[in-house]
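As structure tokens, here come the structures.
There are two complexes below, and they share chain A, which is joined by chain B in the first and by chain C in the second.
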Partner chain A sequence: MHKILEFQAVVLAAGRGSRMPDVGGTVSKCLLPVGPYPVIWYSLNMLERYGFQDTMVVVLDEDKSNILNALEKCPLKIKYELIVIPSDEDWGTANSLKHISSRVTTDLIVISGDLITNINLNEVVNLYRKHDAALATLFFNNGPEEWIELPGLKSKAKPDRDLVCIDKETERLVFLASASDFEENVKIPRVLLKKFGSISLFSRLLDAHVYVMKNWLISYLVESDKFTSIKGELIPHIVRKQLSRPKNPLEKKGMSEKNVDICKDVFDFAIDKGYESKIRQMSAYNDHKLGSKGVYYNDTLRCYALIPDKNTFGIRVNTLASFYLSNSKILSKWVEVTGTVLSDRINLNSEVKTKQIDEASTVGEKSVIAEKTSIKCTFVGANCVIENKVRLTNCILMNNVTIKEGCVLQDCVVYTGATVDTGCNLQYCLIGPHHVVPSSTSGKHQLFAETTDNMITLG
Partner chain B sequence: MENDKDNVIQAVVIMDLFNSNFSPICNQNPMGLLPVAGIPIIDYVLESLVSGGVGEAILFCCQDSFKIKDHIKKCKENKVPWSITLDVQIISSDTCQTMGDVMREIDAAGLVRGYFVLVGINSITNINFTALLEQHKQTCKKDKGAAMTLVYKEVAWEHPLISNDKSLLLAADGRTHKILMHQKYKPKSKESAVSLPLECVLQHSEVKLYHNLVDAGIAICSPSVPPLFSDNFDFQTRNDFIHGILINEDILASSLYYTMLKENQYAAAITNWKTYQTVCWDILHNWVYPLSIETDSFYKNTFMFMGNHIFRKTNSSLSRSCTLVEDVLIGAQSHISDMSTVSKSMIGSNCMMGNDVVIHGSHIMNNVVIKDNCQILNCFVDDNCVIEAHSNLEGVVVSNNVCVKEGSKLRGIILEETDSNDKTLKKTSSESGTEWENESSGKEDDEYVGFEKEWSDSESCYSSDSSAESSLPDSPIPEDTNIFLQEVIDSLARGYEDNLKCDYLILEINSSRYAYNIQLNEVNFFVVRALLSMPILENSKNVLTTVKDILKFFRPVIANYIKTKLSIMDCLKAVEDSCIKNSWLEGRAGQIIHLLYEADIVDEDSLLVWYEDLKENESPISNQTSIVKFFEWLQEASEESEESD
Partner chain C sequence: MSSKQGSEKTRDDVMATREAKKLLKQKAKAKNIENKDNGSTNIQLPTTIRDSETKKNISTNVIKNPPKIPVACDKINSTPSITTKAESPKSKDEVDRAIQNDNIDINADKSKELIKAERAAKKAAKQAKKKPIQESGDKNAVVAQDFTVKDVVNTLKDIVNIAKDVQAVTDKVIAIDFTTKKGEESTKSKAELRAERRAKQEAQRASKQAAQQQIPAEVKTEQPSKQVDKPKEEKSSKAATKTAVEKSKPKSQGMQKMNWFQHLYTEHDKESLKQMAINSNLHPAVIKLGVQLASRVVTGSNARCIALLDALKKMVRDYSLPARTEFARGLEAQLAASVEFLWAVRPPAASQTNALKYFRYHLTQLPNNVDEFDAKKRLQEEIDRYIREQIDMAGEAISIAVRNKISTNDNILTYGCSSLIERILCEAQAAGVVFRAVVVGTRLQRGAREMLRRLLARGVRCSYADISALNYLMRDMNKVLVGAASLLANGAVLAPAGTLQAALAARAHNVPLLVACETHKFADTVQTDAFVHNEIGDPDDLIDKNDENSPLKDWRTNPNLSLLNLMYDVTPPSLVTAVVTELAILPCTSAPVVLRFKLSEYGL
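After this line comes the complex of A and B, so read on.
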């Protein structure tokens, strides 16, 4: 594995999991367990696999110690530096980038801390390199989402969808918006269709939140000081700017004299430093077949998007559905995703007395599982206690969970420190952190937690 | 034998365009005989059908079918290549006014046996119809309702075939190639955004958007197409059909698909003079191979190739000092004299070019004489014309037997002979002329495109910085109201001409109103606007008397709409609007108001309110002398009447 030196990497792991159901208490998104490790481990592991030796990780102030503790237990060679952002202020992803901007000296790869994928990261990077792009992004085309019954209250909330236009011929990303921006009609600039011949408008892609970006984009971000979110504001802005032309210097001068518009625009940053444009002029290469325009339509600003084929596994653990789905799929995809063989599926320090535990289950450190239990497709975290005559199917048990005697749990998520008392029978339920479910409770699609607000949205 | 017949591919060729884009040239001769690069267009079409695998062609003529019959007969006698394998059937009907009528007729007569190819007489192509038909059949297996596969060619946005025709926006499902949306834009349309229904976008995981397509007017049809036309009597054109199907997909249980031609295949439709010119050049450049300038002759190749796409018949003659630049075709027995220059032009047979003639981008038919020192740029000159010395023609269409006088300087007009005895020239109004700038004023022929002097197709595909981001421009008048206005003008003009009862006209206006969903105050506005925009005013020598007559005639119509104070204000606004927009009313606003006042249509109070408004809004007519004078007069008159009280 060769080293990647031309890029710095940053993992954004300061998400609060606003799309996850409110179960009371705080659960940091990047520490949700997927298989034996927390979510954030997967992005760090991916960077390690593709030759990064160190990375920055942006985390919330309050999560820092937890994350450090959790990562120490995971197998990682990559050096990671945790950079904290204040948890009491509501910072967007672009604010985080701005926060670390002084440390960025090369082009940057931004990866979301909740990404689990088996994509070859080099494909994205090569797309970026090939076209000398300003920005390269990654979208998964996983086809129709699998329908799964979710634990917790039933809800009808539909996830917001991205509308993504990609020119098939040149792989340019030419339009990016959210479906919720429009009411009845989607408006797309007509110049776009005139310029690019084969535009496809996708509405079911999953944005992986993997961005490879030029160093000057960071400078622009700092200078313009108007973006809070990368995905919501910065990227659409840059994508839109592809259609514009740099103002000609005369016009510009006039404006600054009048002191009307002295703030720099993005084209002041997007300047070829080397001989790129001269080489392009001399080259016979052209990225499009029709028309008489030069290569890249003479654009200085170019955004690209990679859509890997449908079999690629890619998921972002930001909703209950994806959290649940990732847990049910991770073991079958383990080798592809992590590049390693999972050796300690059942932790050596755990005490598993039952023999009725199947191949699709894992058990965390220092957990105790009693003799007469049956465990199927279930993830048991660390320090859990599972007593006799318990049956668990398709469940996720986080750390320090106690399941008392005689419980039957199916398709449930039990958060940290919760206790399920004897004789419960629960299906599709969520049990919040440190909550105690009284004995002999039975329920279906319920939420057991100390929340103030039970009108929560799931999905 | 019967089995054999079933496998023969049928093609329906619609021999008329049902528009006046090529008038007056196509008034005397059918479109099918219009020469394109020296050969009647029908020969190309039939040849392309044969080479595309079609075995039987049904030519449907609505006009001059005997000329087509003669031509086909002659071709068969001469054993023109296509005549050997192609079974040609000529159907004629004088009653058909639109393509829809033709399809209904075909349905009634049961002319097609199954899947068939539908082409217009203006489609020039070298595609393989057999393969496309197979593809369409495959589509039909997956979707029983597949009615039509439309054939498109992808080109760059700068291509002249796009910039000179209505550009098409196509949205289709990326996986199945099913058409979801089909919208035509006017050439050089300024609309900055396209809008797609959100629901439709979200239903399909991938929607393909095309805006740079050439529509060659070729379609592969299922047997269900003619009955669909019969069932929906409002389908008049191909576009009606497409839109009707797309809107009522569920009701009609039909759907449309598209297919994109491969790179080496050519397809284009000759829809106006500019596309005519482009296709001529393409043929000369051999893009349409195997169709070429030798299409109608099998073995008698009599062309001499001189490089730079210059072809001339061996028996044509060139003087020593003339220059042929590029893309030139010279027919038999034609002669070009000293010091003349010809470029990008087609010259027919038996033509005489004088000395020092410059011909560029022009299409000159047979037996034309062009005298010395003429300049012919982007013109079409039909048979037997004489252009006298020192003439300068740019973008002119000259119909046959016309004699252009010595020293004429003409730009962008149509010349035609009015009567065979009387040799005077009728110059059709230059309004409907040849350049697009006139589009807004050219009333009825918004599809007419003539030649222009030079190509200027450097439209940038970039918008200026600001407009790329502000997606909503302010549109002057929405489409529907424009159509409504036009319909009202048409109804009124017809009513005036035929002396119809005003009651009927009111009924007609009201039905148009509901069709286009026009508000009542807008109706008031547009009726008055229409009255002042009637075509007779435009050519009238004494506009005011005509206006007076019109007002008198339409008094009941006006009375029906202009009753209340509010409607009077609508009426006055319409007057203001008309006086600004219609050149024939220029400077006459005051007189028009006076006429309205005298006819008791408007009252004094409203006039004064309106005048205040004019001044406040700094309307361009508020300072017109006629207006100022009228209001001075009004003031005096009212004072007088007060005194007398």
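After this line comes the complex of A and C, so read on.
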């Protein structure tokens, strides 16, 4: 039987990881390993868990083959279609969405490719369904960030903050802006305060970049052609538009006669096609207690935000801190996040000779770990070679890494193809892709990478 | 996982045996040469030796004092008890963890535990060995070694057997837990609880027996009993914590069900909507309606009816006929699935069942060879017609009929929220009739306040009163006008809870009670009280959430307290002055006549 889809899913995985430290070379953000699998697998797995049979994945041109290769090795049943966007042009997320707009026939769920969470997607979707919303979003309330000592150079990168206003009574998302847009004062429209009795302003919420949106929003996006970023422009615009009223039809007529403004308004897209307004009128439901306004304040545009409780695990792997944190937490949250049990922690095709490997470690395909090594809380990627007398603690080793004899690494991140020569002693270090760390190097909080021709090690 | 670990284990075992053999050989050599005891090597002796034959060969060379063997034996016999002591807490752990962990984890844990238990046994054996050796000199020591080795092998085998049994038992317990958990989600009646308990006890008894058989007579039989008792306690405590931790459970588990109203509780709980797969086989509109019905965004008889028809219309519009299927049959299959889902979310209102009957009737009336396009068009038109005729036009007719009955400066009391009453009053106001309305509601029903809001927005002179003020207000009233969820075949009025009270007060003060009800809400069921059939609302609605100190705040923790939130009550025909329908103003006992009339006209 032909199935009528309710939602289509898009995973946006064309991020360049601009918030990650520069380690030289190209590292595609969605392929960073978290536990045994790349980051993007978690988004796809989540979609699969909640019943999606296929999804679109927007990727950069240059990453396509790598992503295909990486995903082939992961256990996935969901069909994914990689949609390529040119890597030399700097496309925003809204551009990507416009790119795929011709394929979108139903309502859309947009998910960022760097999301790892155990949220029940149905909660967001049900919120969206319940209020027949134009847009539903998801914010995590993770509380203050845990302080962890990060590898690499000590930096004072400030995380991007969003200012999010949510009406307590109706759960509506009424104001959204980036904190960096404001210098000292934040101006909140007076209409907003007048309309909604008690709004809460949050500044520490983590936007999960999960958007459930109406199909007509895509048409609007294509039509208006003025947005480049979903998060930065489209969503705030729609949220703002909730406050304005649709123009009077008479007024509009006058304008089109003069041919001054043919540009369509959002409200021309948000039209009920059935008996929705009649049902709303008849139903005894109202989402707010006071005032003389009808249900939803008679708004046609409604945006909602779901803030799950604090126990929910949600993280976006877009900074070194979150990358490192997600790796340290993933195994303990594995069942919740993926809904499965991690069966092959140590890949069957790997060759692990040592017995001193603890349960918080994973080993990728075709990796060779020699005897007399000690491995604790370490994720070893594919095709790695770890020689004798190596001690690894809390490390992340990506693919094709070679660690030579007698090295001691603690809290390090070793990128693809790097080599650590004999007798090194490194703590909290980053080793860039295809870099060779000379033998007997010792360091703490350093970056070993080929950012220029010379190796730069800054303390 | 387990097989892998198993292989590892055997590899380890083989290695260990080899090492042990080596050591034994060396020692035998040393003894032959020096004939002296070196206790230091004994300590290092690994004890996981499986093939005792080779050891015998080695040790027989050394044995010189056979008669002393029994003495050594006695001493060594104490080893099993030690080992089992060491083992018992382990196995207790095992049971605990098995309960905590998921099914699949258990295997891994098991094997780990086994290894641990083995190690503990080895240690105990070693220590036991050391003692006799130190006491009874070199020659005995060698013999003792031989025996300890054998014994250790035996005890190890025992341990393995016991562990297997324990595992089997825990598996059973888990299986029981799992099945009951599934049951708990829907309903957990007392009988089920009892059965569960009995099963647990049986499992524990079995484990006890198994343990007793395995452990030699010397070992105190108290241990296994303790072993079984403790997990039981811990299990119960764990179950308690689980309910607290898991958010999904407490709703169904913690809710005490009223004894008299067992038959009213539905299997459904809100969690099922959260577990639903996105993009299931149901039409999106149907799923959306399901969510809206469950969250009461769509409430009210008319609204629910229109919403259902709207969803059906969208379903028809998007339906694509599979090859070689009759249109009516193909659609009926999908319709049945959708309806089952919707009714599970919230029991249907009479208006909904009637609308569905109507739709089905027209679906079956379609000719067999009908074109897909035509069929869709016709069905959608029928739906539109139903909404227009049965709801819109009927509402208008009733509105006019009631308006004619309102005389100038009437005081009209209404209860709760009804879209029809709202329409009547608003249109009467618009037509210039001068009257005053009093909306009566309860704290539970936000509908009444919504009604007030809507009436005020349209300029109707209104006041609001709580139901407790009903008797006082009734003195000044000229009419009571209420809506209904359904009019039953015996003329009784099924209406939101509280309507009966208003009707009684009206009767007491001799105020006429008019019930406004379109004929599409007439039902062919008979009910004389509200207990036979009713809908149970969310008991949390009964609690004043603004009150921090509400004594009912954590009512779920009180096993003796149960809350009951009945949605409807039944007003007997004797209290109703007249029912206003679009056909006429009728006494409510003529409901069967209307039903018969409708049957002929609309196939309802």
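Quick notes on this structure:
One rule holds for everything that comes next: the second predicted complex is superposed on the first by the 447 of 459 C-alpha atoms of A that agree within 3 Å, B and C clash if a C-alpha of one lies under 4 Å from a C-alpha of the other, contacts with A are read in each partner's own complex, and residues count from 1 in each chain.
Criterion: a residue touches a chain if its C-beta (ideal position, glycine included) is under 8 Å from a C-beta of that chain, and two chains touch if they have at least 3 such contacts.
Only a predicted model underlies this, so the values are computations on that prediction, with no experimental measurement involved.
Partners chain B and chain C, brought together by superposition on chain A, fit side by side with no clash.
When the two structures are aligned on the shared chain, A:F313 is found in touch with neither chain B nor chain C.
Within the superposed three-chain model, A:Y304 lies out of touch with both chain B and chain C [touch as defined at top]. When the two complexes are overlaid on their common chain A, residue A:W41 makes contact with neither chain B nor chain C.
Of the two partner chains, neither chain B nor chain C is touched by A:F140. In the superposed model, A:W91 makes contact with neither chain B nor chain C. In the superposition on chain A, A:R161 contacts chain B only, with no contact to chain C. In the superposition on chain A, contact of A:I188 is made with chain B only, not with chain C. In the superposition on chain A, A:S343 makes contact with chain C only, not with chain B. Look at A:S292: by the touch rule set out above, it reaches both chain B and chain C. Closest contact between chain B and chain C, by C-alpha atoms in the overlaid model: 6 Å. Residues 289, 291-292 of chain A are contacted both by chain B in one complex and by chain C in the other. For chain B in complex with chain A, the touching residues are 154-159, 169, 171, 174, 191-199, 201-202, 204-212, 263, 461-465, 468-469, 471-472. Residue ranges of chain A in contact with chain C, taken from their complex: 1-7, 50-53, 106-107, 109, 120-123, 125-126, 129-132, 274-276, 278-279, 281-286, 289, 291-292, 294, 335, 341, 343. Residues 1, 102, 104-105, 273-281, 283-284, 287-288, 291-292, 295-300, 302-303, 306-307, 309-310, 313-314, 318, 320, 322, 334, 387, 417, 419, 446-447, 449-451, 453-454, 456-457 of chain C are the ones touching chain A in the complex. Across the complex, chain A meets chain B through its residues 141, 143-144, 161, 163, 165, 179, 182-191, 193-195, 197-204, 240, 243-245, 247, 289-293, 297.
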